[in-house]
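To start, the structure itself, in structure tokens.
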Amino acid sequence: MIDLSIDLGFLKLKNPVLAASGTFGYGLEFAPYIDLNKLGGFVVKGLYFNAREGNPPPRLVETPAGLINAIGLQGIGVKKFTNEILPRLLEFRTALIINVCGDDEEEYARVAEHLDGRKGISALELNISCPNLKQDGRCPAMDPDSTYRVVKRVKNATSTPLITKLSPNVTDITAIAISAHEAGSHALSLVNTFLALAISLEDRKPKLGNVFGGLSGPCIKPLALRMVYQTSSRLDIPLIGIGGISSGRDALEFMVCGAKAVQVGTANFINPDATVAIIAEIEEFCRQEGISRVEDIVGTLKETVKKSRL
Amino acid sequence: MIDLSIDLGFLKLKNPVLAASGTFGYGLEFAPYIDLNKLGGFVVKGLYFNAREGNPPPRLVETPAGLINAIGLQGIGVKKFTNEILPRLLEFRTALIINVCGDDEEEYARVAEHLDGRKGISALELNISCPNLKQDGRCPAMDPDSTYRVVKRVKNATSTPLITKLSPNVTDITAIAISAHEAGSHALSLVNTFLALAISLEDRKPKLGNVFGGLSGPCIKPLALRMVYQTSSRLDIPLIGIGGISSGRDALEFMVCGAKAVQVGTANFINPDATVAIIAEIEEFCRQEGISRVEDIVGTLKETVKKSRL
Amino acid sequence: MFTDKEARIVKKTLQNDFAALTMESPAIAPHCFPGQFLMVRVLPQQYPLLRRPLSIHDRIQSRLSLFFKITGEGTALLARKNEGDTVDILGPLGRGFTFDRNFKAKPVYVVGGGRGIAPLYFLAGELKKRRVHVRIFYGGKNSKELPLLAKMRSEGFNLDCSTEDGSYGIQGMVTDLLKKSFKSELPAFLYACGPEAMMKNVYILASEHGVSSEFSLESIMGCGIGACWGCVKRIRKDGIGTWVKICEDGPVFPGQDIIWEKND
Amino acid sequence: MFTDKEARIVKKTLQNDFAALTMESPAIAPHCFPGQFLMVRVLPQQYPLLRRPLSIHDRIQSRLSLFFKITGEGTALLARKNEGDTVDILGPLGRGFTFDRNFKAKPVYVVGGGRGIAPLYFLAGELKKRRVHVRIFYGGKNSKELPLLAKMRSEGFNLDCSTEDGSYGIQGMVTDLLKKSFKSELPAFLYACGPEAMMKNVYILASEHGVSSEFSLESIMGCGIGACWGCVKRIRKDGIGTWVKICEDGPVFPGQDIIWEKND
């Protein structure tokens, strides 16, 4: 038997695979396709305090091996969530993480306060990195100070463990990671989507209603992997790797680069059973390689740069 | 007859399509495949003052719709270039742009000085954005001040027009663009490659000899297009769009987003005649749309965000 | 909703820009209703990335058909598949047409534009089985854009056609056919699928004549299963216009609930 | 160097993990020499992105053959092409084996490991045409990794085989065959292609016996035409080890110029 469990310190996962926010609905959407209890956990779609309209369509554009989205966090608001959805999620034995959004620090804190102490919630994931809210794609995770402020404010508002979700649209992601860490985040998830643009040549118009959107999918994996590795090399805090993961091998690559767990996003759209397939592939890889505890693979990248010889 | 010519102010191009540095050798490599005179121009591989070894192999990794390279600017050095290659390039009637590299400001200036006033050189492209030289991927174009200093220093060393090539690995590319502009750059080319990592899961080792490399190809197009649009919205300086261009439509999308010209990189590897095919496709599109001057399409993106109705 | 990762193609026909694929899928076929759709994986590789939404065009026992126009890379690649190849499909998805209604022996109109005929063929067949008097109105740019014409005629459907260039049927739009027909009779119900501008005009006409209607809408889809919120359109819910998921609450909606796009 | 965007496949054979494709390419075939290679586009889409380097395995008039092992997605997709399909190829590229030498009636050794036999088959055929006495030494993990065996035997080639598991020929490595053979005769020249570790051992053995040699190297290639500097390996040039482009200056190099990788 291979031990797939992962200990994040503040949270024990039965395996390292979580479903990523915004790509897994409120979880229930996937119940017809997979046994949710098999997951390490899932992160629900981003919640503001109030319900939210989202961006005007079109909201999606396919790109080579990628997807640009500008959903704009349409959602039911945290109250309706706790009243109508949360009770239905309690039956599942898997980590439930709530993706917390806000227009300002106060709103993040209000959402966190509302959720604080509720049964069934394993952690909050602070979404300070969504690129398709402001028209220019800006978000708190693009600046170390804003990051610090939001995390600190939420930290004061809740006793639930905090995961801060970082943006890849920065010069140095480790600087943002340090801020989030210093402000008291228990873990970091990286990364959110990459700010992108697609246009219709005939119309001379952006393809998305919001003009800019966020790029996800297999095409971003090499960039996300780099950021996870940079951050794990510099900081000692549990990392959750995200970006284009669509196979067990992809997931394990993030773990080798220092992620303790991973999130699967866009792949859920291609195969609703992607998460469970990935878990099975991880287990199979461990079996083949004689790895008895998957956690042992975390951070095992050997950085032996071949020096030129002669 | 469609007028494909483009006026960059300091340089007139017979059409908007240039071959990108590092993907077109010293130009001569492509003479067996295409008529170089058909190009708007080409940018030769990056040159340091002295010859350079480059990075240990492996230097390339294929990714979904992308390519990571860590060549490390292996090259013959600028003296050998002017002695042996430049004379052979003089026969071609197309813009010749030299990609200038340096380990520090002085070296950039020395290369520029060496090239100053030589016949046949249309412009220098300052490569301050190569991500696979330092092990951590850092380069001057990640910081506005370093950018300003290098550009200013080179500007003082040469009378040849300067194009500064920017890095996409930044929080705000417009801030870097402004620095380069203020330091006297005549144009900007954006973007260079995205800092990326690929690993071999079985070996737990980076796939590239240099650990990190730069991602190029179709997968980066939505990101590069966004950066060109952001920069053209904010600055009034000729832009050359680069990133995943592999068809006439791709090239035209960059132009609609504000690029006066484009560079074709990775696509040259897939089809050595990619540049001339793209020129033909641009011409064909103009014919179909009744556009008589291709320059008229530059910056025509209508940013009419659909407002939600009701 | 089921996934069938290996639905085998048993028949393929190509006609101009249109392709029809019939697949053996005992897992999915029995559960399908007209107006529902499948999410179809184009290739097993990571490119093209997303599944394509395609309506269920027909169902005979354990077999399903798709009928689609080649409009881009995905549909072109799908059309290149051959008999014996397999397709990875997910479905049936969405809410289809509500057709178990009491039409009080009055005729029912089925109005299709171009490739919009795909789901309507399945619908018309089911209505016919229920002995409903179906009249099909079918419009396209030219006769090549009316690919199912011969087939539907040979199966005895009552058909009125229009083409913009007059190469088949009357010259004009499908709404011209409807306008004329409404003068002599009003149907019990109207079902339509086609380009959005056409559907909008059909809706206006139908509602002016007090005819109830359902329309099948298209939207770019990320997941097809209600998880991404990517496919929304403005739909009236409890009187208020909101962004509603086409894949889950649709793709078929009552005409009066749809908030049609303004013309450019 | 020429591009043939539509070389038509006239014959395909599959054997375990190996595929052979014969294409009609009047533009490229006449210019090919053993040891040269093609850059082969897998699909017309942007995925897989890069062309695959594959050696020219045979040439008969206007026809070219490739022979490759399915080792990843690209070769798997290529092997799925059928007779009648076309392939986009670029070539011939690189410098092949120098085989118009005076071998002074001595035998010439051709040493292949696994898929490394691909270019050697073409070479052996050309040598045979020149009435050179060719001996082929062919090694693999097991008999399945010696796919061309039956074919070469039937064509009358002089063959010695080894497999690591002893399922065919002697049990051991191809170097074991060579060691034995060197005891009784020394060839005029030795050509080899196969896994790098094998080639290194073959080189050491050959040089110990003063036998001159050429090796065909592999490297990941961006362009195949000398433009990207992606394919370099350490090669001695004017006595100094430098990063040399395999695609342009190779893929074939004299054994004594190659700076072999250190064993891990």
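A few comments on the model shown:
Labels for the chains are A, B, C and D, by order of writing; each one numbers its residues from 1.
Keep this in mind: a contact is a pair of C-beta atoms (placed from the backbone, for glycine too) under 8 Å apart; a residue touches a chain by one contact, two chains touch by 3 or more.
Just so you know, these numbers come straight off a predicted model, no measurement behind them.
Shared contact partners of chain B and chain C are A, D. Of the two chain pairs considered here, A-D and B-D, the higher C-beta contact count falls to B-D. Farthest chain from chain B, judged by C-alpha centroids: C.
In this assembly, the C-alpha centroid of chain A lies 46 Å from the C-alpha centroid of chain D. Averaged C-alpha coordinates give centres for chain C and chain D that are 54 Å from one another. If you average the CA atoms of chain B and of chain D, the two centres end up 36 Å from each other. One finds 33 Å separating the Cα centroids of chain A and chain B.
Within chain D, the positions touching two or more other chains are listed as 46-47, 243.
The set of chain A residues touching two or more other chains comprises 53, 57, 61, 63-66, 218, 308.
Under the stated contact rule, the graph of chain-to-chain touches is complete, every pair of chains being in contact. The touching residues of chain C, counted against chain D in their complex, run 45-47, 73, 77.
Chain B meets chain D in the complex at residues 22-25, 29-30, 32-33, 45, 53-54, 57-67, 69, 71, 74, 217-218, 246, 266, 268-273.
Interface of chain C with chain A (complex): residues 1, 3, 41, 46-51, 90, 219-233, 242-243.
Taken together, the chain B residues at the contact with chain C in this complex read 64-65, 308-310. Residues 53, 56-57, 61, 63-66, 68, 135-137, 142-143, 169-172, 194-199, 201-206, 209-212, 215, 218-223, 225-226, 229-230, 244, 249, 252-253, 256-257, 285, 289, 300-308 of chain A touch chain B in their complex.
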